[in-house]
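Note that the chains take the letters A, B, C and D in the order they are written out, and that residue 1 is the start of every chain.
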Amino acid sequence: MSITYLEAIRAAQAKALAEDERVFIYGQDVAAFGGAFKATKTLSKEFPGRVIDAPISEDAIAGLAIGAAIEGMRPIVEMQFADFSSIAFNQIVNQAATQYWRTGVSCPLIIRLPSGGTDGSGPFHSQSMESLYSHYPGLIVMTPATVEDAYGMLLEAVAIEDPVIFCEHKFLYYHLKAEGLPDSILPVGKARIARAGRHATVVTCSAMVHESLRAAQELVNDGYEIEVVDLRTAKPIDTDTVLASVARTGRLLCVGEAFPWGGLTAEVVSRVVSEGFHLLDAPPKRLNAKDTPIPYHPNLWRVHRPTSQSIAAALRDLLSL
Amino acid sequence: MSITYLEAIRAAQAKALAEDERVFIYGQDVAAFGGAFKATKTLSKEFPGRVIDAPISEDAIAGLAIGAAIEGMRPIVEMQFADFSSIAFNQIVNQAATQYWRTGVSCPLIIRLPSGGTDGSGPFHSQSMESLYSHYPGLIVMTPATVEDAYGMLLEAVAIEDPVIFCEHKFLYYHLKAEGLPDSILPVGKARIARAGRHATVVTCSAMVHESLRAAQELVNDGYEIEVVDLRTAKPIDTDTVLASVARTGRLLCVGEAFPWGGLTAEVVSRVVSEGFHLLDAPPKRLNAKDTPIPYHPNLWRVHRPTSQSIAAALRDLLSL
Amino acid sequence: MAETASQLSDAKLTARQRYLDAFRWMLLARILEEKLARLYRAGMIVGGVYIGRGQEAFSAALGMQLNRQEGDVYAPLIRDQAGRLAFGEAILDATRTYLGSVKGPMRGRDGNIHRGRPKQGLIAMISHLGTAISVANGMLVAKRFRGETQSIGGVCIGDGGTSAGAFHEAVNQAAVEKLPLIIAVADNQFAYSTPRDRQFACKDLVDRAIGYGIEGYSIDGTDLNACLETFAKAAQRARSGHGPQMVVGHLLRLSGHGEHDDASYIAPELKNQQYGGDCLEISTAHILGQEWMDETEMEALKAELQEQVDEAVATAQKEPAPDPFQESWHALATKHLTEGTPGI
Amino acid sequence: MAETASQLSDAKLTARQRYLDAFRWMLLARILEEKLARLYRAGMIVGGVYIGRGQEAFSAALGMQLNRQEGDVYAPLIRDQAGRLAFGEAILDATRTYLGSVKGPMRGRDGNIHRGRPKQGLIAMISHLGTAISVANGMLVAKRFRGETQSIGGVCIGDGGTSAGAFHEAVNQAAVEKLPLIIAVADNQFAYSTPRDRQFACKDLVDRAIGYGIEGYSIDGTDLNACLETFAKAAQRARSGHGPQMVVGHLLRLSGHGEHDDASYIAPELKNQQYGGDCLEISTAHILGQEWMDETEMEALKAELQEQVDEAVATAQKEPAPDPFQESWHALATKHLTEGTPGI
């Protein structure tokens, strides 16, 4: 049996609904329709009354989830696209994220963000927002890159007492398959060595893990062994695993699909140079999307974000230093 | 004649209104009342009909400004506090910031954000949001640290064809005074050496420039000459000036008032190590606010954000490496 | 069915008792807030002080309909000291929070009106107006999931706050979910300095109710009896499955926006117009007129409440302020996932 | 004043001409969108295709009231191909944008319904629903500043979009500023898969108008005459200083949400209920019934419009796609303040 990244997300929600009566799902078109991407397909039938269609009101959707979480429920919110969470931004960063610190009452909810670019999706259906949410205190930000993590981390998210921003990548929904679902995964907050190597380290997450793995494969022909670290969570960042990898390779490239100013790649580079300066044999590099909105046209889009080719080029450059 | 940072902001708006008929001001309580901080005091009398009270509708406030800008006006929006711009977040990053790139029609508007912490202001009246807005393509983000820049940069902002996020610091409103208003200032996008030195470089902006200058002064007793670079704009960052300073000093500390994950300090450190790795004699360091909401109580608040003491301590640490 | 004389007088007695109970909360709120305002002017409170002068009747009347023990939830806003007290918030919670005692519910992390005890049904407001309503919706949805169908919610908003998108989304959401929610709109004619004609263009904010498909009431918010009766009715309708109830109270803000604000932009004539009166004066006169209390009893009540307030202030003032080195600086409940402060 | 027979027939002639003009835009929109849908199914359009089947009458009637040359502004939404054409958008703008020609108004940077020409009064929508209304407000405010008081604006929203906070804030803002704005609410009974009873609880969305203090109209959106008359009246009221006008059109979405969606969740019976009809069929029948055209003329018209569409498609298909190496990759108009891509 083979299962996709998207099916894994659905399966995790089904399991959470079955095993934890505090769980319910709230979002636009998630009930009978099963969600814009079918991540909640048939769940409203299997769990009557626990998968609820919301009006086009992202602020109130997040607000309702916050209230329910405070009252002891475990809401899972589906944003139709990550990009629309900008409407819920205030509720997420100012209401959900501050609740525990201000009142001592925890606010365990999950906001699923169908994230990242795909062909033809354009400026408002392609964004990667992990850096925004990581900037604000009080949130955990997950960025699963594998079918196993999509499943396991979503279940972990349900168990966590804090608000979790779950950035699931739309490009991986159908493209990524696994043979089955895992019984256990790495603990939340631990990065994963997606590929071992010794000449340079690529630190990345989500869909960019796969582009990086392809780039690493390409560099085998050049005689290089590239290590790829999948961060798994953007917040917290597993700096130890990153440092240990850089200690092995001496070279660091951080790759992100989000906009270039600030964000995950800058944070990782900054931590590595602060804590592991002496480990570096060359200046660390970053590769992000371009500093424009995300283009609609596939010709432009493929150049806007990092790809295995541009990652391979950046790696060759890094290795030549 | 002595003029405060706040009066300079008012004076710049008065001059803009007087000299450019495209300018108008829109925000809550900005008209007869003159704004929560009096930054628009008497302007509605001096310029009848051009200073307009808005309902409590930050999304629509930003939206109206965008429409007027598209139509050739030069709106200046006052958010009552920077923190409330979270409600306008979507309009700012998705509507204003993408307009020129998508349509070729520029969107020249200014959003004034009374920013940063003061005693007793708490989690929702103290935020520094420059990193959020810098992350998104299509915005210019100004963070003036001096009376002269508050005045001159606001006037530059009116001249610029793009949306400008103007982060003015509430702590500086009354505390900071100058003898008069400048005829000209450094061009937008250029950083300023606020204090020359040769043992270490502090890169910062806004209120933290003054904390850093105090720390630098303190370190004179230790025999150190600290260079302080005032970035002036968070986006674009004047990487050249920063690199030139690091070339002189070999040591870098980035100081920011915002939350620690990502943001301005991470971006500066990342650029310096990418482009000026060999210039560094020691690992670069960062000092930001703590990773919790901003506390209400002065006892907590003073420890939450960087101060001259914690900056001095970080510098001593940096200089010992 | 005809009522007997004794039944009638029972009802009257109950109404009178309810009026006097409300009056007590109103008076206590007034005395407490006047004290806080004095402390602020004396420089003993950092940040701001926001008081509900003139809104005590409207506020208390909602608070009295909500029952913490029954699981009701309450989202007060800036000017709801009276409602908070009626709901059961301790005076000490207010004084401790305003005075920055580490023993208060917010432990110095947040201040003044932002206090709350979510586990006791009292939402701790964030500043962004309108955003607590959907949170209350969520609490009610949670209760519905658990079958706790006796609980209702009460949320407060000002005339200004009704312009916020968050208000609209949440009220509409409550209507779609048919939640047992009372939405109390205190139209005090100003939002900070902004008069209502710069905030909305309908005649009466209750005109919004029909557009949400919910039941609405428009009342004189300075008339304690009207407030008590209307909120009682709204609560009864909400509890019996009639969905959200919007109560618009007309009154006038009799203070600055905060104590830093002299409100010189509010024309004094407004006080002499309809809804411009002070609900506390009006109800005091009513009580004395009805001879439910005499002047001496009234003075004694004031003294008693003043003593409660002074004691709560004294207690809070004796308590330690938060110590940054005792602070955990953890924004997460899941401690082991908290990041250290990177880069240092 | 009594009208003479010739005046009457003039008015009738004008009405007939208006009807036929509108019909032409409706038909053109339908033909264009059917073509686009076919291209999508053939894999020749990347992204999505969103069509306005069943909404052409309502959409065109608003577009026809707006005059680009007079400085009117228009914020169409997902299903407003007919209104766009009536407003004066070229067919080529649509085909170029859908087919990703670099010569289109969006130059491949944005796609499908997100196209616009703001300098010609046509707002280029972002996806976030409700957010274009305040932009239109701002354009009207700019015109008011310049004394261009003849201009009006028209904005479109669906039943679902009315739940968005942005919609509320902007409509309220327009009401407070008394802007000459027509708000066309196309209640097509669904928002994607979500039926209207999960979106709002009022009987008719026009019930919202009173709460905003603006004038409102509720009409059968499949009846072209009703649409034409109502929007004409609304435009006249807006132009003559009566502030925002809300027109709610009742109809049914006769397509999937996008062409990827088979809309199997829409019960077929709905098409037989009130407002479930196809406005194009209804108006075709009306025209033939009134003998304003015969079948042959109708077929000829279709053929003519089909040819226009095919030509626009062919032109766009011949044009180059955007070349990433020709792209400037500048998000700022102020080129010298653009940052390079740091870190590489």
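Note that in this section a residue touches a chain if its C-beta (ideal position, glycine included) is under 8 Å from a C-beta of that chain, and two chains touch if they have at least 3 such contacts.
On a predicted model such as this, the values are computed, not experimentally measured, just so you know.
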Please flag the chain sitting at the greatest distance from chain C, going by CA centroids.
-> D
Between chain B and chain D, tell me the centre distance in angstrom, where each centre is the average of that chain's C-alpha atoms.
-> 41
Approximately how many whole Å separate the CA-defined centres of chain A and chain B?
-> 30
Measuring from the mean C-alpha position of chain C to the mean C-alpha position of chain D, what distance in angstrom results?
-> 44
For chain B, jot down the residues that touch at least 2 other chains.
-> 54-55, 57, 59-60, 83, 86-87, 90, 94, 97-98, 101-102, 123-124, 137-138, 235, 261, 265-267, 269-270, 274, 285-286, 290-293
Going by residue number, chain C touches two or more other chains at 106, 109-110, 114, 126, 128, 163-166, 169, 172-173, 176, 198-200, 330-331, 338-339, 342-344
Using the contact definition from the top, classify how the chains connect: line, ring, star, complete or other.
-> complete
Contacting residues of chain D [partner chain A, same complex] | 46-48, 100, 106, 108-112, 114, 126-129, 160-161, 163-166, 191-194, 198-200, 265, 321-325, 327, 329-331, 338-339, 341-344
Write out the stretch or stretches of chain D touching chain C in their complex.
-> 163-169, 172-173, 175-176, 178, 197-203, 205, 207-214, 243
Write out the stretch or stretches of chain B touching chain C in their complex.
-> 28-29, 32-33, 36, 53-57, 59-60, 81, 83-84, 86-87, 119-125, 260-261, 265-266, 269, 285-288, 290-293, 295-300, 302-304, 314, 317
Would you mind writing out the residues of chain B in touch with chain A in their complex?
-> 83, 86-87, 89-90, 93-94, 97-98, 101-102, 123-124, 131-132, 134-138, 235, 258-259, 261-267, 269-270, 273-275, 277-278, 280, 282-286, 290-293
Per the touch rule, the chain C residues reaching chain A in their complex are 105-107, 109-110, 114, 116-119, 123-124, 126, 128, 131-143, 145, 165-166, 169-170, 172-173, 176, 330-334, 336-339, 342-344
